[in-house]
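What follows is a pair of complexes built around chain A, which joins chain B in one and chain C in the other.
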Partner chain A sequence: MTSTMQPVPVPVVSRQAGMRERWTRRGPLLPALVFTIVLTQIPFLLTIFYSFQNWNLLNGTPRTFAGLDNFRSTVSDDVFWKSIWNTLVLTGVSTIACLALGLLLALTLQKRFPGRGVARTLAITPFFVMPVAVALFWRSAVFDPSFGILGWMTDLIGLGRVNWLSEQPMTAIILITAWRWTPFAMLVLLAGLQAMPDDQLEAAEVDGARWRQQFRYLMLPHLRPFIELSALLLSMNIIQTFGEIALLTAGGPAYATTNITYYVYLRAFNAFDFGTASAYGLVALVLTIALAMPALRLLSGIFQAEGRR
Partner chain B sequence: MSLHSTRQRGLGVIALSVTALISLVACSDPAASGGGDAKNATITVALAANPQMKTAESLISDFKAKNPGINVKFTTLPENELRPAVTKDVATKAGQYDVAMIGAYEVPIWAKNGWIVPLDDYVAKDSAWDAADVLGPIKDIVSADGKLYAAPFYGSSSFLFYRKDLAKKAGITMPQKPTWDQVAQYAAKMDDKAGGVSGICLRGLPGWGQNLASLTTVINTFGGRWFDESWKPQLTSPQTTQAVKFYVDLLRAHGQPDAAKDGWEGCLQQITQGKTAMWYDDTVFAGSALQQATPEVAKNLGFAMAPTEKTAASGWLWSWGLGITQSSKNKDAAWKFISWATSKDYIKLAGEKAGWDAVPPGSRTSTYAIPEYQKAASSYADLTLASIDSANPKQPTVEKVPYCCGVQYVQIPEFVDIGDYVSQQVAGAISGSQSVEQALQKSQDYTTQVITKAGYPK
Partner chain C sequence: MSTVEISRTATRSGRGTTGPGKPVQRRRDRDRASFGTAVLGWGGSLLLFSPVAYMLLKSFQTETDAASPTPKLIFTPTLEHYRGAFGQGFWAYAGNSIAVAVISTIIVLVLALPAAYSLSVRPIAKAQDVLFFFISTKMMPVAAGIVPIYIIAQELNLLNTLPLLIIMHLGLNLPLAVWMLRSFLQEIPIDILEAAAMDGASRTRTMWTIILPLIRPGLWSTALLCCVFSWNEYFYAVNLTTTTSTLPLFMQKFLSFGELYTAQVAAVATVVSIPVVILGWLCQRSLVRGLLFGAVK
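Presenting the complex of A and B:
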């Protein structure tokens, strides 16, 4: 599979000249491509190999061929399916929350007002704080029922002090994930808004369009590729969430916050069962592709942006 | 661009990102080798990044002065990274480390796999090391088949931390050996929800080394056990159920709020900030608790033996030991380092140079005879020693168990897997998302499945 390069429209020329032309253009990219293949595809092939092996480091027996045993165990392992479901919930809800909040922030911060520069910087900050520091800070200053800010807020509105990480663990993880990734969505959408020509909006205003109509019929269609792009990038990043889970809940209670990344980690580096860990990773990959394909088709292909606009 | 290639490219992006995730599994450390003879050797030591080991690292010039020609290289990793790094190294015989720091749970497993070498011959030749001085129960848990496989750097048991002032206010005199029934009553009396002080802090965080360690000692003393003598799991037996119910009920009624998120780190914070009246945890945290506590808490912190029910003692046992890897090319030099770092002289040196609270505790009887240490650790030194000496790693339970030796864990390679699963279910019961019975039934089923697959039941 080729890498993540942007597609280059290939001009129609004679076949031979086209070949030479193509290679002079692609040649300089080859080292990067080879590097990427070595770093990603060789481990990938090894993972496929290990997934057919019976290989637990701790029991000291040599590796043996396991056939499809590791894959069969995915079917019977409830925790695996629970972790797939958790991954879906975490990724889906966080991505939507990030987009909604990011859009709101972008619309606000696009308007001119005194101190906009400072406000923009502050709005991006969560994205640049180390995930570990974020998790530890949220643990004691936000989620803690006795001295956390959320405990104080729920108390104010009469809900009492909620035990966030014990009783609402998934909501808590989604909150912190959305908080961390919203600035990313905001950055992309703000760039999109700034690329929008002012005269269109002015014309609409002259025609008597209200703000809501402007937003619905001008801004949203213009922003669509930006929203799609950030949805894709966000879900790709959020699907790998690890640090927050490891530090806040250790995947619990009762696997309520174990996503597939954390579960593969537990199997591989806690139980040292590399065979099943590899198989689980592969099954997760196949499922991700199966789910992502229709989603991507539904989004009508963001890489066709030129064609659509 | 056609729709087809668009899809492919999208796929490519996803495949690459997920592959990066999976490739975590496939990577392994590059092999490094250390050559040379015993006189002129470089040894690589893998250590856990805890304060005591950092002290050892800072005092290495003393070792070099005594052993010219031996160069020591340290690889210091956080405890949870040390385990995978070192396991991969020894299991694949990569030979990166000559000396590895290993937890007591792993020592017999590694010994059985032939990853570390027995130390008896080195000990016999090294009379200054004085094997008889090493605490007996600690020696038991870092040995296999009667041979010593790791030299204990420090050892610990578990006991009860409590606030003397709060106990006095509630009219409680803490006995030196309380029972769990008493502790539950005291927790109810000292629980002050309005004042933000819980009755007791117990580990609730999932993990075989987190909530399961505390819980297993409770199961043991309530007369429960993990397995019967023919390896049939006993997680739904009346005794185990009673013990787990006791733990979960106590935690839900009078424990710290949001309990399923707290491991020892969380409870250490709770006790030092005056947010809880009691805490059942490792003896090694006594020093840190006193250091980090607010002045009011520090002057009122008292200690008692691990609460019991049906057994004479219930404290757990843990040790971080130093072992020599099978793949080491400098075993003699490696022993010289281990002998230095676990010797009586080193403990004196660490006390004098780095302060007596930085001394590795719980490994040697002689440590507790040093007047300076006695003075620095007066409130918990004797209780730590008594806790370790009374722990029974050969039979921590009322009825017999098919494994040896371990108190808060079962000495088999599959325990990490089983333990993580059970600890998750227990955390679910603590958080209230399922009942204790449901948690234990799932645990029993999972354990039966793993243990049967591994071929243990007779």
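Presenting the complex of A and C:
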């Protein structure tokens, strides 16, 4: 790999030629970079601006400077705190479930057995099927108390027909979210297992290490960055869950499944209160940045390790 | 050319995984699953797939069968819901979905390939920082920007139009494509490019005749993955469009139909998912690369 990492040597001719050389190098990058900056940074700056504005489309008053009013009402809004809590529960529980199931599945699918390719292909399918379509199907065929298969199962084990979406709404959302993202965790951890250096396991085997010891002292330390990275990428994606909530519970009952993304949507497009919606959006951003920073650091660590190889 | 050959064999034997002899044999033995592991692997995969299988099953039932309180496994299959799936403006939404996915993906590739080139083959100074800027935008929550995007789109009269969705999907997929393509470009041995330069090939020519053919598989899987994400995107679609929109919004119409149309929903859900599931299966090999931003191969 080392030979591909070196830049093409640049013959130094003159200052001016060097300038031109730098710009011919930068040129191909600029369209994509400028586009990304415009599309992502401008809305973000405007969100900060709007969050200090009094701006509700429904009461018809002109937009005025609000100072910290939006943030003050954010802090005193019980639903807002509930939505933060829901976001943390949904993200935390689903991420852990995905990692546990993904690791188990990756450990088995890493071994060779008849039909492994087919099994892998089937296992990653939940990640591709259209989430909106699946949510609608689950709404009636899985979660509905009288027609759903889960209601039938709870009935079989004597719990009666549980109405999942009204009695256990968060569990239902976690269930469908974990189902969709487990294949992702599995793929990442499988890649990690396949990058495992062969000689170490071989040596361990020669030394007579048991499987459990191999797993504990060799695989787990090796997999650690992969587990961390997939945990962070999973949580960053799950924190943004929207479609499942919108279609299965509409954030209810009584805001029991309203996460921060869905609450921003409610404030902006149901209450048409763009000011507070922006303030909530900013809070969502701060939450995500808290997650994204370690993710970026970890990624750059793995990335540099790869480069050195 | 001989230097190229030598260096390639050198790197290959350096990796030490493909060489013949005993280690390979031993690895094969160790990699073989025990019966229990195989059962667990199959069981887990089938469990993950079962909701999809159940959806397929339901889509062939009559509504009466689908609404039975006990799940019916034996029934007379019917195609009536597949016939019904294409009504109610399905084709308009499907056309929009295809247009948005294809056009946004083409533009993404056109922008991302040169960018990836200047971040790998002939890297600019601070290439790492730029790369990390690209992913950091993927980590921004969509909710944080939606209000200004809505307002700007309203000002520009772009609400409820396909160009707006295309632009938003560009923002969604561009960072991903830059990272993926960069990781593919990174794998081209530098000697080949040097040999081309030595033979007097211009950069454009090198791009078309050497780089592009070498990364074609990578280009395809990047394109397929971008199409999948574009096809399934819901947040922008629901917030920025109403009638001129993509298939997730068509699906949403069935929300008001209620539980009596389970089989119909299953059939439509299957129809709209088939294209992306196939694309996903096709690009599963390089999927991890895309999802992990090329940090892992």
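Following the convention adopted for this analysis, the second predicted complex is superposed on the first by the 252 of 309 C-alpha atoms of A that agree within 3 Å, B and C clash if a C-alpha of one lies under 4 Å from a C-alpha of the other, contacts with A are read in each partner's own complex, and residues count from 1 in each chain.
The rule we apply is simple: a residue touches a chain if its C-beta (ideal position, glycine included) is under 8 Å from a C-beta of that chain, and two chains touch if they have at least 3 such contacts.
From a predicted model like this one, the values you see are computed outputs, not experimental measurements.
Novice: Which of the two partners, first being chain B and second being chain C, lies in contact with A:F113: first, second, both, or neither?
Specialist: The answer is second: A:F113 touches chain C but not chain B.
Novice: Could you tell me if A:A254 is touching chain B, chain C, both of them or neither one (first, second, both, neither)?
Specialist: first
Novice: Which of the two partners, first being chain B and second being chain C, lies in contact with A:F143: first, second, both, or neither?
Specialist: In the superposition, A:F143 contacts chain B only.
Novice: After the superposition on A, what does A:Q213 contact: first (chain B), second (chain C), both or neither?
Specialist: After superposing on A, A:Q213 lies clear of both chain B and chain C.
Novice: Report for A:A271: first if it touches chain B alone, second if chain C alone, otherwise both or neither.
Specialist: After superposition on chain A, A:A271 lies in contact with chain B alone.
Novice: Where does A:E167 make contact in the superposed view: on chain B (first), on chain C (second), on both, or on neither?
Specialist: In the superposed model, A:E167 contacts chain B only, not chain C.
Novice: Which of the two partners, first being chain B and second being chain C, lies in contact with A:N56: first, second, both, or neither?
Specialist: first
Novice: Just checking: does A:T64 make contact with chain B only, chain C only, both, or neither of them? Give me first, second, both or neither.
Specialist: Neither partner.
Novice: For A:P126, select first, second, both or neither according to whether it touches chain B, chain C, the two together, or no partner.
Specialist: Only chain C is touched by A:P126; chain B is not.
Novice: Counting residues of chain A in contact, which comes out ahead: chain B or chain C?
Specialist: Answer, by number of touched residues of chain A: C.
Novice: Which chain A residues contact chain B in one complex and chain C in the other?
Specialist: Shared contact residues on chain A (touching chain B in one complex, chain C in the other): 1, 3-4, 7, 36, 39-40, 43-44, 46-47, 50, 139-140, 144, 146, 236, 239-240, 261, 264-265, 268-269, 274, 277-278, 281-282, 284-285, 288-289, 292, 296, 303.
Novice: Taking the complex as given, what residues does chain A use to touch chain C?
Specialist: Listed in rising order, the residues are 1, 3-8, 22, 25-29, 31-33, 35-36, 39-40, 42-44, 46-47, 50, 101, 104-105, 107-116, 119-134, 136-142, 144, 146-147, 149, 152, 179, 182-184, 187-188, 190-192, 195, 198, 201-202, 205, 226, 229, 233, 236, 239-240, 242-243, 246-247, 260-261, 264-265, 268-269, 274, 277-278, 280-282, 284-285, 287-289, 291-292, 295-296, 299-300, 302-303, 306.
Novice: Which residues of chain B touch chain A in the complex?
Specialist: 1, 3, 5-27, 83-84, 87-88, 91, 109, 112-115, 196, 204-207, 210, 257-261, 263, 269, 275, 413-414, 416-417, 420-421, 423-425, 427-434, 439, 454
Novice: Quick check on the complex: what are the chain C residues that touch chain A?
Specialist: Against chain A, the touching part of chain C is residues 7, 11, 17, 23, 26-28, 30-34, 37-38, 40-42, 44-46, 48-49, 51-52, 54-55, 58, 66-71, 111-112, 114-115, 117-119, 121-125, 128, 130, 132-137, 139-152, 167-168, 170-171, 174-175, 178, 186-191, 193-194, 197, 228, 231-232, 234-235, 238-239, 247-248, 251-252, 254-255, 258-259, 261-262, 265-266, 268-269, 272-273, 276-277, 279-281, 284, 287-288, 291-293, 295-297.
Novice: Contact residues on chain A for chain B in the complex?
Specialist: Those in contact with chain B are residues 1-4, 7, 9, 36, 39-41, 43-44, 46-47, 50, 56-60, 79, 139-140, 143-146, 161, 163-167, 169, 232, 236, 239-240, 248-256, 258, 261, 264-266, 268-274, 277-278, 281-282, 284-285, 288-289, 292-293, 296-297, 301, 303-304, 307.
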